[in-house]
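The following pair of complexes shares a single chain, subunit A, combined with subunit B in the former and subunit C in the latter.
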Partner chain A sequence: MQTPSDGVSTPKSRSSARRSSLFHSSRYPPGTLTSARRRSACRSLSKRKIQQSTTLEEPLDPAKAALLLQKQWTLYSVTPMHKFTYTRLKEYSKHLSAHIAAEKQKGLAVEVGSELTLKATFSCLPGLKGKDRDPLALLIQISSKAPFTKAGTEDRIVWTGLFCGTYTEDDILDMVPQTFTCLPLFLYNGAEALTAIVGTWFQKNFDCCFGKLVISSHDLTWLAVMWTGYEVHGHVPATELIFSVPVEPHMDISYTIHAEDFKALWNDIHKSKDEVTVEEVDHLFQCLYSHFFRHFKIHLSATQLVKVTASVVSAHCEGKVKFLSKDYLIRVLGFITELAVNNIQY
Partner chain B sequence: MVGSEEGHRELIANTILRETGAFNVKIHTTSSLPLPFERDHLRPRFDMIVFLINLHSQYSLSNIISSVALMDAYFFLGKVCFLATKGRHKKVQHCLVDISMVKDLADKYLSLLIQAELEDEEDVVWTAKRLLNMLKICAGLVPGMSSLYTGSLLKIV
Partner chain C sequence: MAPTPGSAKKARRESISAMDECLSEFIKRMIVRMPLAEVPATLKMWGFLAEKDLQSLTLWKSKEGLAMEIVNLCESKKATIDHAADLDIVYHHINSKKKLWCVYQMSVLSDSEMNVTDVAKFQAIFKKSVYSVLKNVTINFREFGEALWIRIACGKDCMKPNQYRPTFVVYHTQTPYAFFNGITSAHRSMICQGLLLAAGYRHIQELDLKSRSLESMQDMLFKKFSQPFQSHHPRSLPEKSCTPAIVDKKVSYENIKEKERIQHVMHETFGDGPLPKLEYAAYKLETSFNGEPGIAEKIEPFRCLVKFSGPHLLESFRTLAPSGLAEAPLSSLLTCIPHRGRNIFKITEKKQPSNSQAEN
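Take a look at the complex of A and B:
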């Protein structure tokens, strides 16, 4: 048999293999240290543990928790920070405030009124630890003060940023060297220009990288299944799923399910007490899709899930979340931290 | 060409017809198998089957899985190709179907998997040319090569 002629099979097949490996890395080029771990994480997670509430050394202060609730947070994943110490927070505050003022001088932060002075404050939030080994969460607040106010009036907080690593897995913490602090999740609420300034300051000083964290539709289905049906302020809110249909003109389908019905369906499917498997999640959503199809003759599996509002959290696939309840905050943060860790290439 | 997204099927089919050179290509498109029984005697012999999977849609994957199960084993000797679309990293949050699942499917049926974007003209032409080359081999128009031979090459690449 003759050998294959050029341009038929071998060169083109090689390029298809290259293209498929490009897909796997999604946003970063393939790494070296954790590429093996990442490949196993890319394969759909077969099960996730439902974290039981643990007794922490210091439970979350309600006043601080109120800072986190009911706000729209945008998510980023962060690589570990080099030579960051919790003892020098005051220094960092001064340094960052000076940096912001310098950037304003250059005319970069344009939407903030030019007379306002901005001041950054770093603080720690010990209540956001899932386990003892978790790193301490770091809260940054940028407050503005109009120039001619009386001394003693409260500054208005214009931007809040939070670094945390809740329920970070032990093998990640072991892999990170001693000089690094691993806080893989960054959430911010406020003007994007300020985020850019803070981000570049962190990148310059601590040699870390920020990457936008998007939540895939599959992870949104996990979120919906794991966090529905819990009580918030005495009543159980309904679950709302928003699907985006790929037609012109753009159409969104909003599917609202009563919490009792959802819980009843889930109880029929869910077997083990503290683990959720991917088959159970897919099965539940398959039931929801076939129910919808029976009534409306629309295949929801051909659409994309973009937003989920479960009882304790609401999440959008572009990386925006809103926490609705203090009690389950830590566990939801643990879930999102896991997504952030999977998103990073070391 | 089997796939649930009509737009993609039309796009590739039209491009293939434009790119074809010296020989006649007839393309039959459908959204799922089995093909209706009534016109069976009128159908010509099929040389190659392409399955289109849209990675944004779970529905297209389940559709293809049920279609593939109905196919005759004769086709799997190199005459089947899976084409996965919309897997690009720009929209990864919308990818409901894991690419590894599609790869496992292609491996299970010992067939080639091509990934394409189908957004710009160049990509569509590239895919069409590739499918056309495969079709030439499957139809026996390239001397010295058979589809069985290219099928066996897949394990090496």
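Take a look at the complex of A and C:
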């Protein structure tokens, strides 16, 4: 749970500080999106719409969905990309592969395995759109090939990155000039060293900058409320909340609520079918806290909610998520895209 | 030593030639698993290799090389599976904190004239009992003070015993308690039966206590730690806790009084001494919700599971109220852990006393 700002400068925190500084500076005109973003941020804080699953032209291919499920993803927000075009993906694949090879020559990525040839592949994931206007999601896979393997052996995927903008607010899309592509959410799974290489490449070529996306305790409460009580593989999993208690020695409290009971409690609190309000979310948590207090005399409100595992998604405050259900993937991505948009500092 | 499928006959026939290779591999893997710094002390405690052999080993810098050298020494001394199992016991004794232990309590002494302090007799009866159920099993014992460590490795069906997944039982001969690690449901009744016969008891049951620290479990069960819990006579507090180090003049008198009260209560509850080390406590709650009118009235009971985890839970509990995170006195659900010797609870409402466990 240590962050670089905690004071103790471990080698890891130093290197991540260096990496994040690489992600800075952008040609993107400051202030352009501020007004639109502020409007959407204000709206999203008081209430959120329950997105109804829409039937789009291209549904998510199960094989592609499997790429995203049951993996831990680390989240970043990304500013709009300058002069990115979907027609040049092949060229980008070659260019990024060459860039990775060059970086490896410099010895920056020894940890990834220097004897392996790494190949980057760009592709589109049309199935990740929430609505027609959404930008097309971009998938990057880095695969490794051992030098003397037989032809026909499958390359092993060592790193996956995904840029998307599911349910991006139309206001935001309207504000972005024609030469920019708006894919505000970036997720990756794989070695951090490769993420740094890919990040600098994007920054250099499309002048965008990356910011670590942390999920606040309050956003985690929204997540718990909005994504609980759904059926996954024939049953409805319980909801687990993990609280970090600031005592010495450190202690965690895990509070797992039976899915039916959580849902029944929520149904008593929740009024409208189309939206969820901040008052309702807070009310539900107040109820859970007082039930806990009645037994343990501990104020959970004074601790920090650090992780939520709802039926279709699990998320950690450090900006790590796992998608647990294909059926709700798009809607959860929409929620996280919204967090990413609010995280971008223009 | 990975068991290969095949009949018992085949296994026995192969055992003469394959045994050595499996045994070497088993010893090698054990050494590789140990932290390099721990190897000399572990080998010394094992006591199989001679002192001069041990001295020659200190020169090795890589674990692989060291492991091969130890395997060579063992081969020249004709080590058997019993020697290797003994080394495994020593390793697990030193690293007992890496495992999660559960505990069984035996009760009702049987009529037999068994002298439970006779460890040799205990071992013989235990072995006989287990062998009567299962043939492909190795059983090894080693005493550490009052604790008798038993290592049991079983084979599935007709395969050779799997030395990589042994069960450990730590039995304190003067007590009715046995601590288990790595027990499988398939062998539970066999091992429990052996224990009952050998120790001279009739009943055995698992307690609601799990921990990585054998010492703390023993402290709680054997009531070795100082226990201020039953004290009803307020004692005067030590001088240091009455006067806070920094006195802020703006802090009102009421605040100081409240702080003193909390400190007093926490002292009453936990005392000053060290507390047993527990990493884990779990509560299954099935209680009514008691919310506001109209909220969750139909949910009865409200089902949830609460788990506390940390490196030293009871110490963390001690600092909860002074940090303002909990009311003082703390809930008896938390404070009852050390003197009730359990950390797994099921809580139901009092109105059904038949199955209520603890809402105390």
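In this section, the second predicted complex is superposed on the first by the 304 of 346 C-alpha atoms of A that agree within 3 Å, B and C clash if a C-alpha of one lies under 4 Å from a C-alpha of the other, contacts with A are read in each partner's own complex, and residues count from 1 in each chain.
We adopt the following convention: contacts are C-beta pairs under 8 Å (C-beta built on N, C-alpha and C of every residue); 3 or more make two chains touch, one makes a residue touch a chain.
Since we're looking at a predicted model, the values are computed, not measured.
Looking at the shared chain after the overlay, A:I269 reaches subunit C, while subunit B stays out of its contact range. In the superposition on chain A, contact of A:Q70 is made with neither subunit B nor subunit C. Using the contact criterion defined above for the overlaid structures, shared-chain residue A:E318 touches subunit B, although it does not reach subunit C.
When the two complexes are overlaid on their common chain A, residue A:I215 makes contact with subunit B while staying clear of subunit C.
Within the superposed three-chain model, A:T200 lies out of touch with both subunit B and subunit C [touch as defined at top].
Once chain A of one complex is fitted onto chain A of the other, the partner contacts of A:I253 are limited to subunit C, with no touch recorded for subunit B. Of the two partner chains, subunit B and subunit C are each touched by A:H299. According to the touch criterion, the shared surface of subunit A, contacted by subunit B in one complex and subunit C in the other, consists of residues 246, 299, 302-303. Residue ranges on subunit C touching subunit A, taken from their complex, read 283, 285, 287, 289-292, 294-299, 302-313, 315-316, 319-320, 323-327, 329-331, 333-334, 347. The touching residues of subunit A, counted against subunit C in their complex, run 238, 245-258, 260-261, 264-265, 268-269, 287, 290-292, 294-299, 302-303.
Contacts from subunit A toward subunit B in the complex involve residues 1-2, 4-5, 7-10, 12-14, 16-17, 19-20, 22-27, 42-44, 214-218, 246, 299, 301-305, 317-318.
On the side of subunit B, the complex with subunit A involves touching residues 4, 56-60, 62, 87-89, 92-96, 98-101, 103, 112-115, 130, 133, 137, 142, 144-145, 149-150, 153-154, 157.
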